[in-house]
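Naming follows writing order (A, B and C), and every chain is counted from residue 1.
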Amino acid sequence: MRIKPALGLLSPAIIVIFIFMAIPMLIALAYSFATADAYGGVTMPPSISAYVQMLFTQDFDGSLIFTTSYLLIIWRSVYLAALATGLALAVGFPVAWYIVCQPPSRRRLLLTLVTLPFWINTLIRTYCWILILRDEGLINKFLSWLGAISQPLPLMYNQGAILLGLVYTFLPFMVLPIYATLERVDPRLIEAAFDLYASRYRVLRRVVWPLARPGVAAGLVLVFAPALGAFLQPDMLGGGKQLLLGSLIEMQFTSSRNWPFGSALAVLVTLAVVIALIAARGRKEAPAR
Amino acid sequence: MSDSKPSPCIEIHAVDKIFGSEASGYRALDNVSLTIKDKEFFTLLGPSGCGKTTLLRMLAGFETPTRGDIYLHGRNVVELPPRARRVNMVFQNYALFPHLTVAQNIAFGLEMLDWKKPQIGERVAKMLSLVRLEEFSARKPAQLSGGQQQRVALARALAPQPEVLLLDEPLSALDLKLRKEMQSELKRLQRETGITFILVTHDQEEALAMSDRLAVMSGGRVLQAGTPEEIYSRPASRFVADFIGEANIIPGEALGRSGTLAIRPEHITLGAGTPARLRGAVREITFLGADTLFEIAVPHGTEILKIRARLRGRAPDVEVDGHVWLHWPDEVEWGVDG
Amino acid sequence: MKKKPFAWQHNPGFGTFTWAVMAFLYIPLAVLFVYSFNANRQVTVWSHFSFKWFAVVAQDANIRLCAYNSIIVAVAATAISVAIAIPAALALERGPGFKGRALSVGLITMPLVVPEIVTAIATLIFFSTIGMANGLLNLIIAHTVFCIPFALLPIQARLQALGGGFEDAARDLYGTEWRIFRRITVPLLMPGIISGAVLAFVISLDDFLISFMVSSSGSTTLPVYVYGMMRLGVTPEVNAISTILLVASAALAALAFVFTRPPGSEAPAKTTN
């Protein structure tokens, strides 16, 4: 195939995504430099007031006072996303290694089991945890039936519940890239390590883990990026008491009607994801030997 | 082979192929010129990466020469796409269409040439009987053995009655026994169809056994072209001598002469008689069934020449470290470039 | 007890751990599934097995309208994204390398990388800026964008696995490009096309956040409507409709897996909430 027909075949995809994804993001970027007016609209003189709003609040007399309320939400989002990513790695890595070690037919079954939740509606998957965690939920019912508690335990509407929801939703994103990397590793490398007197633990530590690093790097980004902007888990399991960036952005476009501020927050999230991507790529290219 | 001069089927004229840029690219073919006669079984022989497959794909129309021309029965085909050349190919892994039956595979080219249905049916039946697969016509390729797939690929490529059939390492996927069978099968098909066959292989035995003529290639160049007998008995260079069979390369000074000469291991005899050419110590004796291989160290100045002699039948009474005389008649040695 | 002979594939403890993780992934789904067959209006008090709430849900006019919207959007987005993905996959797999190739691939896979909330608000701002408020059409466009990479990946993987040999053979046998595409490429590509289409369909059907931001009152999709129901509390109706969505997604995904072999290795990255 020559270049011109190839470009012709590729162009519909490029044009559609450029017009309906890239341009909208650029418009959102532009909006983040507009100024919100009192009625939920925007005025056009460009300003950085939306970004200023993240750190300062306007006093009655118009002077700016430093405030940590939004910083706290940003910090909480980053902290929970990072924690969820770490937990997903701790859980996902052994699972990926176990799957790699299985005979092919069993491998296929396990992989299907890991991948399947990915295709099931996140809304429904999050809702399942409400059934389990709420005051009249499965766990509290069971414990009170046992007589272990008289008052239901407050399992929902806290950071732990959000964290659980994040790990539950994004765990497959960690397992799959690590699996894909380890699957391509020549098993003779592992046999060679055992042949050279390494123990199981040291084989994992000195051979498997370094070889898995490109997959780990990919998994970290694939979990961190969506967790940072997550909406449903904090909204449904955090009950709006633990505001995170995802909900905060959503609010600016619904109840608060402050589009410039919402856009500025979205720019922030996008920047964080881009930085994470670049960091992961750097790690991937660094020699893993 | 007849002595009459058939018209040339293919003329390859000073073809270069450079992948990438002229300055830094990879030179796959370097000033290749060849003439292939009509109804000839011609082989391109060489190690992997020598350019033989590139040349074959060029004849089929999948590659375009960077420079030079290719004539098919007098017509320059360099600019023509594959479908405009009456040339068909048996691909290395056969490339049988997995979703089509054997009969549909064979019919494919005929359909593309817009043959009428009844003629296609007739032709497919004829091809099936030619490759002896009549009862397999409704099978899918995956239900066939390697040898059967190979025959389907042949039938599919021969069905449109091409002027030239190209075969890209067609036997490499088969085991040794099947390979020998298919060698004679291929020769039979070529005889029966009277089509020019061009075979690409890295297997020198295969090339010698099957070809009317062959070209030895290395590093994108044609080193020598000729009949198997010519190339085996008079290789033009050390590379060809070594690639086709085995050769001992001996500097002339060791025999009090100039130049370099080559001699096949099976032409050397060992013993005490005169006039002996060289004397050396036996380093190793390897029993090979019908033959016995001797490795002999011959001192030459400060160096030691390693000479291999291959003796048929009962080996002479020699032991390792024993000294022997090496003989050969004049007519079996030949000079090669240094 | 006899000691097991050494095999590095056997890692003590890892198996138990992995199956525990599988339980973690699937028990919540099983809980929902079981609850949805509970006849009692009080969700957590089990009375007896019943299909009652499925019948209730199936007769709800709002749910039926939203399900209809969801299917219209999913079918349209799937058809358009597959029609766009097939030529794109051909260009990427069979076409030559060119200067902007990496950039093009990056652009096409952008919907996989950008957090969904960002895509959602950017799309919302875009439609509002150009003054386009066309209900379902807005949704179809938004869904098509993020369905394209999902449709593309299995098709591209299939093309890569096939290699160019069959098309070369067809060219050698006098095929024109269009006839080769119809007679050889499309039939061989079919499993990839089917799994790409099914995946795009599931992704569209599942989408919540983008639909939530982009849809207007007349064009509510099923997940957006169910979210509204969930906000009002845990009810048997929510359980029933959630189970329907769960089973539909799982069944479609399983169908896609059948056509994607070997599975897993090219599992796409989806950013979702």
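Here is the rule we go by: a contact is a pair of C-beta atoms (placed from the backbone, for glycine too) under 8 Å apart; a residue touches a chain by one contact, two chains touch by 3 or more.
These figures come from a predicted structure and were not determined experimentally.
When chain centres are set by their Cα atoms, the one at the greatest distance from chain B is A.
Closest to the middle of the protein, by Cα centroid, lies chain C. Chain centres here are Cα averages; for chain A and chain C they lie 18 Å apart. For the pair chain B and chain C, the distance between mean C-alpha positions equals 53 Å. For the pair chain A and chain B, the distance between C-alpha centroids works out to 59 Å. With touch defined as above, chain C holds no residue shared between interfaces to two or more other chains. Of all residues in chain C, those touching chain A in their complex are 8-11, 14-15, 17-18, 21-22, 24-26, 28-29, 31-32, 35, 43-44, 83-85, 87-88, 90-92, 94-96, 98, 104, 107-108, 110-111, 113-126, 129, 141-142, 144-145, 148, 152, 199, 202-203, 205-206, 208-209, 213, 223, 226-227, 230, 234, 238-239, 242, 245-246, 249-250, 252-254, 256-257, 262-267, 269-273. Within the complex, the chain B residues that touch chain C are 60-62, 81-83, 87-89, 91, 93, 95-99, 108-109, 112-113, 156-157, 160. Against chain C, the residues of chain A that register as touching in their complex are 1-3, 5-10, 12-14, 16-18, 20-25, 27-28, 31, 91, 94-95, 97-99, 101-102, 108, 110-125, 127-132, 134, 136-138, 141, 168-169, 171-173, 176-177, 179-180, 183, 190-191, 194, 200, 203, 222, 225-226, 228-233, 236, 245-246, 249-250, 253, 259, 262-263, 266, 269-270, 273, 277. If you check the complex, the residues on chain C that touch chain B are 165-166, 168-176, 179, 183-184, 187-188.
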